[in-house]
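Please find the structures below.
Consider the two complexes below, in which chain A is the common component and chain B and chain C are the respective partners.
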Partner chain A sequence: MPRPRFLLAIPAWAWLVTFFVLPVATVVYFSFGYKPGLFGTHATDVLSLDRYREALSPTFFTTFINTLRVGILGTLICLLIAIPMAYWMAVKVSPNRRVFLLALVIVPFWTNFLVRTIGWQVILAPEGWLSGLLQSVGLRDGPLAILYTRPAVLLGVVYNYLPLMILPLFVAFDRVGPALREASKDLGADRWRTFTQVTLPMARPGIIAGVLLVFIPLMGDYITATVLGGARGNMVGQLVASQFQAAQNWALGSAMAVLLILVIAVTVLVGAAMAYLVSWPFARHRRLRLADLPPAEART
Partner chain B sequence: MTDAPQDPAPTVPTGAGPRGSSGERGRAGAVELIGVTKRFGHAVAVDRLDLAIEPGEFIALLGPSGCGKTTTLRMIAGFEHPDEGEIRISGEGVRGVPPHRRHVNTVFQNYSLFPHMNVAENVAYGLHQQRTPRAEIRERVAEALDMVQMRSFADRKPAQMSGGQQQRVALARALVNKPSVLLLDEPLGALDRQLREEMQIELKLLQSRLGTTFVFVTHDQHEALSMGDRIAIMRAGRIEQLDTADEVYARPASAFVAGFVGQQNFIEGTLGADGLVHAGPVRLRSTRRTETEQVRPGRVRAAIRPEYVSLGPATAEGGPTENSVSGRLAGVAHLGETMQFVVEVPASIGTTSLVSRIPTPAAPSVRTGTTVTASWSSDSVHLFAPDRAPAGTATTDPVPS
Partner chain C sequence: MSGSGEHRTLTDYLLYAWGVLVFAFLFLPIVVIILYSFNEGRLLVAFTEFGFTPFRAIVERPQIRSAVIVSIQTGAIAAVLATALGTLAGVAMARRPGRWVFWFVLLLLLVSVTPEIVDAVALLPWLVFLGQDVGLGIFDNGVVRLVVGHSLFSTAVVAYIVRARLVGLDAQLEEASADLYASPWTTFRRITLPLAMPAVLAGGLLAFTLSLDNTIISAFVQVSGTTPWPVYVLSALRSGLRPEIAAVSTIMLLLTLLSLVLVWLVLRRAGDSDTQIARTMTGN
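Take a look at the complex of A and B:
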């Protein structure tokens, strides 16, 4: 008797339900509640959409926009840095040195995320060594004033999430293999056209994976923003955290978290639609229909 | 560094006609390799190779793996660059010309179709690169797919097709560009036998219809013999012999060629002043002119093809006769149109068994285990000097055709 196929999926489902479906459902449930008093964190005896109204106040709205800007910009910068780097590692570097380079990409992960980010605080501080160096070389008149600004946050997130972009892209480029690039060149395409018409389209699953791996956690990140952005680097993740921890208002924090999830989902969908729209003319240019062409006998 | 090939002046072997009049230009489809050497680290993959391919010729590069045949092909395509020597395509030197600017197309061993494009888009790829007008692309793609009978698969993705179908598409994708030279890198290697034999015939027909120069790399002698106008047998980066299938088979230039193309019985012996080869108890006489002249008295290697060895009942005990040897019949195999007999012979002649192949209707009915006499005529005995060092003075065509 054949064993039912779903048996293999049970651990995955159990994991998903316990650590994703139930917590998110709880958060959604809490978001309809309210903060009962100074010492209570949440109550759900009266359900309403009031927390969402609160969350969408102008201050919060500005933070959402800022988060979105950092998220999109950070992902794009990661993509622009990672594409040439991953391509170089997968195509140009000899296999022996490739292992070493991959290790270099991964090694920062051995250190705690927070510690690495604080490291940037030290570097970017107005009295830090980078500031001193720039001033002594004459590139800056006053001390470096980048810490606790949005560019510092952007720099921090690009630094923290770049490996998550490089690794899937590397795998994707590596899997294209030299044979197809040679076939493309053999058929008259130069290096650039081979890249845009063969390598890049074939690496698409890897690019999508990298973009999602970077964009989604980046949108929810609050450590980088707190450490490097201070008050001006406000991101939604910080707001959510402060509602849960400082303000002890779980209901409002939950509403913000739910809004964040929705914003991420909508952004990903819009991004996918835009990517499709951009690639459509190219695909159309390439498309070739022979169905309406008469068969050979009829044409001769 | 156009390293002029040293003496002796290389006689670039050509198949048809004198080369002088045919000039340097206007020879679309001609391929010349002059003293080409390619090293990978310390390993010499191609060693001072000379090869002249006539326009419209079907050349098979045949050799064991590692003989440099694929490297030679990749240098013509432009994927590898010779360390020394010169390559000319259609009369023009191609040093420094990248693959995408050479009017040469390749059919790759593993087809290398683009998986993200359907069949029609794959075939159109080369034309798109040349910015061919859309209407023309459509016409030519349809024509190319008709040529390989794959028109009805135009909308399929490569993954939805069998190896043989992918192979046809790869062929169409290369030929649609109307290259001066088509390079084929073991294109039939991954196909099963029956399909491979069908494709061999189709390729040959296609080539003679199009008149395109085909350079076909293979390690399969049947493939090379059945398709090549001429066959270049390669070994250790050099061409051992460049000739028609008939010549290569009937007049191999070296023991290596003799053994690599078709089957051979090799007998080791000493050529005496009497003109006989003494191999243990056996005496061989060869009446083949060209080979005998090359070979000096001393150690020699004699080669006799199985189809020239006939079997008879054991002769009465006595002195050894010329060109025959007695031994126990160790085995009989039915190969369809021929029967193969294996005779155990004294090891002192340099081999332990002699193979005889006789057309089935003419095959004698002899039982395994009985003693038989294998004999052959003196004009079927080829003599070769003992195997030369591969890197040494490899002979090219000894019999200019």
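Take a look at the complex of A and C:
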């Protein structure tokens, strides 16, 4: 009896369809419905795009823009911190110590997300030790007032997602290997030129992976904004949650969830297009065709 | 720092300093939590004096104990389930390739990139629907709900890891086994599974840690009475954080470290390089 090739994948497939595809599809369906009266959560007898219009009304639209701003800014800051860090780990550190340093990056990543964030709440609290220290040194006149602001959320997301940027970049820099760098040096390039024209372009897959690994979960973040942001540092994740929990308006919450996914997808696509457009002229400019070179005697 | 005895330049020192700073940044809040778990004060934020009262509170307060037990229980069940589903899928992807793999990987990819909050709000009405409208009473059980929620992402992670391991190994042994008239089931049990074992174990431990860590889905699908640890912490945020939270977190941190070391050892013995291990552990 011939068996289908995907036989062994059927249990996982069925499980994911039942508890991922169908529920998410239901949410998409709910998003076209409405909230019937005070006690109902959703109704779908009349379908419309009204919930999307509502989700994009000025009150909620600001939150979408804020989330996008935190997402893009946070990803860029992670990238700026991680490039020298990963380069250092992959190129400058001896292989024996590298294992230890990798483990050190992984430990915070696997520490409970919520607990790490609470750690920052303890640090940033107006009555906490950092606030006291800054005041006694004379750097601040009053207690620290950063907790429950947008900068605190930005600090929190950069902290929480930084390992996700460092690790793929490390893998990418590690893969370039010393041979190409030495070749570049032998051909007369200084360190900066070697880095910008050999190492960094070769590490592009790692940069792309890191940016996606940070940006996508960051956009849907709920915990960091809840712990460090308070009312002023609102993000879309909290908006969705509050529609489902406090407001009991599943239709509107669903529309927001669908919009969140769309915003992430569109930003990733726009970002990819922009990165392509920016790098294209450079790639053309730098490409060297052997036929274009003057003959050897003319060059000397 | 640079190998082969070259002289160190200013750039080297700057990079070194940067690395030290980033590590300080990464560990600052973790160190703070560990230190504050010895806080005798009433509130977590204000450190009064050093003591072990918060650790004693774990044993004495039934709510905390029950939350930790629910977390470990859920973690174990979710890990077993995700490992079983993910291993079978990973084996199929590696050994029975075809056009179906593309669509299946697409599904796994969707599962891994969907924001957790979307999973959470989608699962809540769905589980209520299954439990009350369809009448499958099992979905009213708190632990079952948590296990379902925690198993989704983990299944995808285990499938990736197992697939990656088997793709790197030649299928000759399995072919030989089939040539020697072993049934497919025997070949799977005696050849494929032992070959994939390091990845299976690593995947299982990762699934366990992921479940211990899960907060968002848990907060939505949980039933009162079976509150897992992170959701307990989340609700404590509103009523004021006490030092016990830090104490339990310290213990959970030790538990996580232990399972990470285990994963590391398992993969190490299987011959993975450290870079490969690091990639496996971050799920990419």
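FYI, the second predicted complex is superposed on the first by the 263 of 300 C-alpha atoms of A that agree within 3 Å, B and C clash if a C-alpha of one lies under 4 Å from a C-alpha of the other, contacts with A are read in each partner's own complex, and residues count from 1 in each chain.
The criterion applied here is as follows: a residue touches a chain if its C-beta (ideal position, glycine included) is under 8 Å from a C-beta of that chain, and two chains touch if they have at least 3 such contacts.
None of these values were measured; they are calculated from a predicted model.
In the superposed arrangement, does chain B or chain C reach more residues of chain A?
Counting contacted residues of chain A, the larger count belongs to C.
Could you look at A:Phe64 and tell me whether it touches chain B, chain C, both or neither (first, second, both, neither)?
neither
A:Glu182 contacts which: chain B (first), chain C (second), both, neither?
First partner only.
Thinking of the overlay built on chain A, is A:Asp190 touched by chain B (first), by chain C (second), by both, or by neither?
first
When the two structures are overlaid on chain A, which partner does A:Tyr222 contact: first (chain B), second (chain C), both, or neither?
In the superposition, A:Tyr222 touches chain C alone.
Determine, under the contact definition given at the top, whether A:Tyr34 touches first (chain B), second (chain C), both, or neither.
A:Tyr34 sits against neither chain B nor chain C.
In the overlaid three-chain picture, which partner chain does A:Phe173 touch, first (chain B) or second (chain C), both, or neither?
neither
Quick check for you: in the superposed arrangement, does A:Pro201 touch first (chain B), second (chain C), both or neither?
first
Give me the intersection of chain A's contacts with chain B and its contacts with chain C, in residue numbers.
The overlap between the chain B and chain C interfaces on chain A is empty, containing no residue.
Can you tell me which positions in chain A touch chain B when the two form their complex?
Those residues of chain A that touch chain B are 179-180, 182-190, 193, 197-198, 201-202, 286-291, 293, 295-296.
Inside the complex, what are the residues of chain B that reach chain A?
Going through chain B, the ones touching chain A are 77-79, 98-101, 104-106, 108, 110, 112-117, 120-121, 124-126, 128-130, 137-139, 141-143, 145-146, 151, 154-155, 173-174, 177.
So in the complex, which bits of chain A are touching chain C?
Residues 5-9, 11-13, 15-17, 19-24, 26-27, 30, 41-42, 81, 84-85, 87-89, 91-94, 98-99, 101-123, 125, 127-129, 159, 162-164, 166-168, 170-171, 174, 191, 209, 213, 216-217, 219-220, 222-223, 226-227, 237, 240-241, 244, 250, 253-254, 257, 260-261, 264.
Which part of chain C faces chain A closely enough to touch in the complex?
1-3, 9, 11-12, 15-16, 18-19, 22-23, 25-30, 32-33, 36, 44-47, 84-86, 88-89, 91-93, 96-98, 100, 104, 107-108, 110-111, 113-126, 129, 148, 151-152, 155-156, 159, 209, 212-213, 215-216, 220, 230, 233-234, 237, 241, 245, 249, 252-253, 256-257, 260, 264, 274-275, 277-279, 281-282, 284
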